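Note that chain A is present in both complexes that follow, paired respectively with chain B and with chain C.
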Partner chain A sequence: MNKMSWPGKIGVNLLAWLVSILMFFPIFWLILSSFKTNALAAAREPAFIFSPTMASYVNALVNSNYWHYALNSVYTAVGSTLLCVVLGVPAAYSMAFRRSKRTDFTLLWMLSTKMLPAVGVLVPIYIVYKNLHLLDSALGLTLIYTAMNLPIVVWLLYTYFKDVPGEILEAAEIDGASLVDNIVRIVTPLALPGIISTGLLAIVLAWNEAFWAINITNVHGATLSVFVSGFKSARGQFWANMSAASTLSVLPILVAGWFTQRQLVRGLTFGAVK
Partner chain B sequence: MAVVELSNVGKRYPGAESLAVEDFNLTSEDGEFVVLVGPSGCGKTTTMRMIAGLEEHTEGAIKIGGRDVTGVAPKDRDIAMVFQSYALYPHMTVRDNMAFSLKLKKYAKSDIKKRVDDAAAVLGIEPLLDRKPRALSGGQRQRVALGRAIVRQPQVFLMDEPLSNLDAKLRVDMRAEIVKLHRKLGVTTFYVTHDQTEAMTMGQRIAVMKDGLVQQIDSPNTLYQHPANLFVAGFIGTPSMNFLTAEVSDNGQALSGPDFQLATDGPRRSVLADHGQTQVWAGIRPEHLHLSDSESADNRMQGQVEVVEPLGAMTMIQVLIGDTRVTAQIKPHQMVAMGDTVTLGCPSDKLYLFDKDSEMTLHGIDIGQSDAH
Partner chain C sequence: MKIRYAIAGMVLGAGGMTAAQAATQLTIATVNNPQMVAMQKLTSTFEKKYPDIKLNWDVMPENELRQKVTVDIATNAGSYDVVTLGALETPLWAKNGWIQPFNNLPKSYDVNDVIKPVRKALSYNGELYALPFYAESSFTYYRKDLFKKAGIQMPEHPTWKQISSYAKKLNDPSNAVNGICLRGMPGWGENMALFDTMVNTFGGRWFNKKWEPELTSSGWHDALSTYLNLLKNYGPSGSTSNGFVEVENLFSNGHCAMWVDATSGAGYVSDPKTSKVAKDVGFAWAPVAKTKNGSHWLWSWALAIPKDTQHADAARKFVEWATSKGYVNLVGEKDGWVNAPPGTRYSTYSNPDYKKAAGGYADLTMKAINQADPNKPTEKPVPYTGIQFVAIPEFQALGQSVGQNVAAALAGRMSVDEALEKSQKSVKSTMQQSGYYSK
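== the complex of A and B ==
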């Protein structure tokens, strides 16, 4: 590590900076544009120095019903994640500790469902939802997000659970623990860091989801993804408005991510440290 | 307290061709300390797990306290198990670890506290009650694991290699402590180890296992003095018994082979005469061999010294007799150097004889090795 010569060190540092700037630039540009006027944001010459305006934010927050969409995003992301964890914990438990001949196959099969393009099931689901009156509802979207994230949640939980030594569960079994006791009192607290980071990941995935939101919701059940895409309207290009809306829609998850960073890292390295 | 009764117990793991444990028969006394010993993979853990109910037995029957426990869940068998890895609950304090089973059984808070405090006092772990397992040393974790077992006041203790993760000194201390605990509580205990010294020092009765089969079940002394076969003879006692292939001559008067000639005593002579085979295994324990200066003696084994290990109280030497390395225990003041040619002697009544093919002992149980050295 420390054997690098000083020109080498500078080179590596420069490269790291360059990559970071490249990766961060779109976000930077997004935020910058959100403080421009629509005209300036759409201008051919990129402007870096200008007098900022909050007009787009006012437009988004006051005139465009931001809070309605944001609330739907919270409902669907949190709701689907809770459902995923409630369903995923027992599923992962059985796969980690009650293995059968078909366990590995089931795990692979669940993951393989993620390889199917969502468009493939759009029409059937649309029709079913229409008949069930679930179109344009937060509940309908929540159910889809649950189905969408469940395979990943089960997989992740399964890998965390596998790190819990089987003898601990057997000791609990001898001590008189029922299946529910085992899940609730032993496995869940032991794998808690893993469960929490899995949940955070599921929230992020649901929060950023756009395909289903745009296709099966419109107003009532629509999330921030729909809100943002609404700015790409026939009325013309409102780059600044759209940038402000985008910023506002990724902001909550970024802030949440910032605060839970430590937890995420702890969860992702859980097991390695034990 | 209860009698544990295993009759023709066997276990076939799903998909396995052979039985992991076969035809296990053993009835414990009430309050007995039974040790299962044998090399790794011989089926000790499987047997324990069948008694605990963590694995179902596929043959025979297991009774605990007179009750057939087939299909009875582990928690309803009234047993407690101590695992090799201790299997403490990492997220609970020592107190909660010990109280867990009592809480699940809905004992009153005051009862739980009293039982945990009593058990902690017995094991000397009161100062640790509020710690988490990760803040404990190996020996302390071991005590907590024992504590978690004894608060339950079960009918039977099952311990699967509970000391094998401890360092040598602590192992010896804990060995004595577990024996003391057993004497104090008087609970029937099944104890698994692969270490014959542990088995010999702790067990009231020892079941020696190999490849899923019980070889012999007896008291430590009987195992040492009357091993049922070559395997038990070699497994019990350190260093291991020496084995030489010997030709029987003069109608059982003498046993001989390359570089050795052994005379037999009366009982052995008749055993060999009855046996009638021309070849047998002759077994001699290292502690029964001595350096002999006369070449004329009837019992003599001659060879070059290959290894000398002075241990202070005694010296172990290895001598190449024919092509067999024979270990002998000699007095520390007897100076022997590597490369020396020495003659070893052995009293005739210390010879063990085994069938060349079946490796079973040729001695009836009565022939006896005299107890005195």
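== the complex of A and C ==
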């Protein structure tokens, strides 16, 4: 590749900064608004300098039962991800190493289930859940999230597993390794970065999910998505309160993402360069 | 190892949830308006009075509330013990047998103290089906300082013609003051709430006695022309994204010389803590044109009990408590009288503390609510009730689609005639499909 001339370098740098600032601005504004009063947050003239108030955070944390919703978000996101991995690893293994005529079709079919809009199955699932007493429960939501994320998890794991050389498995089998040994002792450790980043992605997707949470939970199983949506109102001022609630809702996943950033990038590029 | 901890944590957490379920748990579906926020803050007061009842709040935006509660009731899921309903749904849901009537209210509740038109709006076949925690009408807000400066006197009962001429005079873009601000966001509860009152007073109606739509009549035409003229020439930019909350903000930040909207905004714009123009706000009746009928609306938020709740007795205790005289006093004393639930009880308006706190608008609010007549909303006779809505199940969809067309006209994408013809067509087809008439 040719070396870029210095004006070109500066140009690219500037562009990168500009795009980053543009993308980060809404989050910055959200956090800024959360420290304003409700009146100031909704004012037409944008205020960058003001005396901050914690009132909206107090309101969200003390008056609105934040921890109950946050705990449910943790249960459903982590629970569904664990289930997805437990179910997804054997499935991806069989597709990567024990291929049959129908493997490609099955993979495509699994992905095609993601093409149906969720609202299309809302009423049947609602009625089934009602009869199983799963409405408004964290368990019910966990099961839905598992079903929702499983296709993506299997697909990603499949691509990671494919990068594990088949010879290693053959060698292990000659040494007397069983199927379970192959999965647990050979493939899983080799593809661990991939499994972890898949898990992180599944956690993020489940954490941010709003449609099912809002429709099938009310109080006991409600997650942070339900918590945030409750701040919208046709009467009364609510922007600052909602900003604080949103900040509190994205904060855990943002912090977790920050700490696992290296892991995530490593996992997503795992096997890309051979 | 970590996984084991996580699982142990989940088991413990689940155990904790079950332990808290020993008392009767009431699940309440509600919206996040200021009165409801105040009610949620008083949860502990109620739970202290009734230690065997625990309140759980499911707070949602208005549209989700309607959908979710409808699905819940229609499938007999029974997730809710108390639901928040508006004046539009209450009679319809009562007719469907979805909610329980409030018979034999205790004497201490003093049902006759509940403002009569509000009571009527929440009744079906003469029986009350929901108890109000909030009611409002609409009126005109104006800036006394700007009017004085321009040498204009706002009449007690302004006409839309006068409002137009004042808006023209007071429009001052160089000082960031708009002649008038009105709702423009599409929706039956947004732009259509105000626009319906304009249609009524300009002599229009949604349907004639045979349920045939009349959206291309002169009443609709005049109302839409006036509305567009006001907002396009003297209104703020981007009106189509302004709902009640947005306009309330514009007004309290000093960007509007006039505003016609819900009486419930009065507290906010008169409070120096939230409004820059608090000391300069004046109030007048909602503007009229051809007729007084239906020129100001009537809306109420109320609490109802779904028919399939397992905890009807506890739910009733809560609803009676939350809509009682005692509750109004409790909010007044704890949260300040300006935040006391408005529009529900005559006694609130004779309370000296409330009068002192809401002196500028209390009387007019009460009169406007008391004189709003949902049974006679238009000049010509109609087969429906409701001022800023038509109390039929189809109305939400109708209001939504007509609201879109009104907003499109405001954005300049349609002419007055195009918007009305398109609306007429869609309303007609909906009404035909719903079987109101055959041809």
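Convention: the second predicted complex is superposed on the first by the 267 of 274 C-alpha atoms of A that agree within 3 Å, B and C clash if a C-alpha of one lies under 4 Å from a C-alpha of the other, contacts with A are read in each partner's own complex, and residues count from 1 in each chain.
FYI, contacts are C-beta pairs under 8 Å (C-beta built on N, C-alpha and C of every residue); 3 or more make two chains touch, one makes a residue touch a chain.
Remember, it's a predicted structure, so these values are computed and weren't measured experimentally.
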Next on the checklist: Looking at A:Y75, would you say it contacts chain B, chain C, both, or neither? Reply first, second, both or neither.
Outcome noted: second
Checklist entry - Just chain B (first), just chain C (second), both, or neither: which does A:R44 touch? => result second
Checklist entry - On chain A, which partner's contacts cover more residues, chain B's or chain C's? => result C
Next on the checklist: Quick check on the superposed pair: does A:T159 touch chain B, chain C, both, or neither? Answer first, second, both or neither.
Outcome noted: neither
Next on the checklist: Output check: A:N63 vs chain B and chain C. Expected answer is one of first, second, both, neither. What do you get?
Outcome noted: second
Next on the checklist: So in the superposed three-chain picture, is A:T106 touching just chain B, just chain C, both, or none of them (first/second/both/neither)?
Outcome noted: neither
Item to check | Footprint overlap on chain A, where chain B in one structure and chain C in the other make contact | outcome: none
Checklist entry - Across the complex, what residues on chain A touch chain C? => result 38-39, 42-44, 63, 71, 75, 78-79, 82, 123, 126-127, 130, 135-136, 214-215, 218-220, 222, 226, 229-238
Checklist entry - Taking the complex as given, what residues does chain A use to touch chain B? => result 165, 167-168, 170-177, 181, 186, 189-190
Item to check | Residues of chain B defined as touching chain A within the complex | outcome: 52, 54, 73-75, 79-81, 83, 85, 87-91, 100-101, 104-105, 148, 152
Checklist entry - Which positions of chain C touch chain A when the two form their complex? => result 3, 6, 10, 13, 17, 27, 29, 31-34, 37, 40-41, 56-62, 64, 68, 71, 75-77, 79-80, 189-190, 243-246, 248-250, 252-253, 255, 262, 264, 268, 274-275
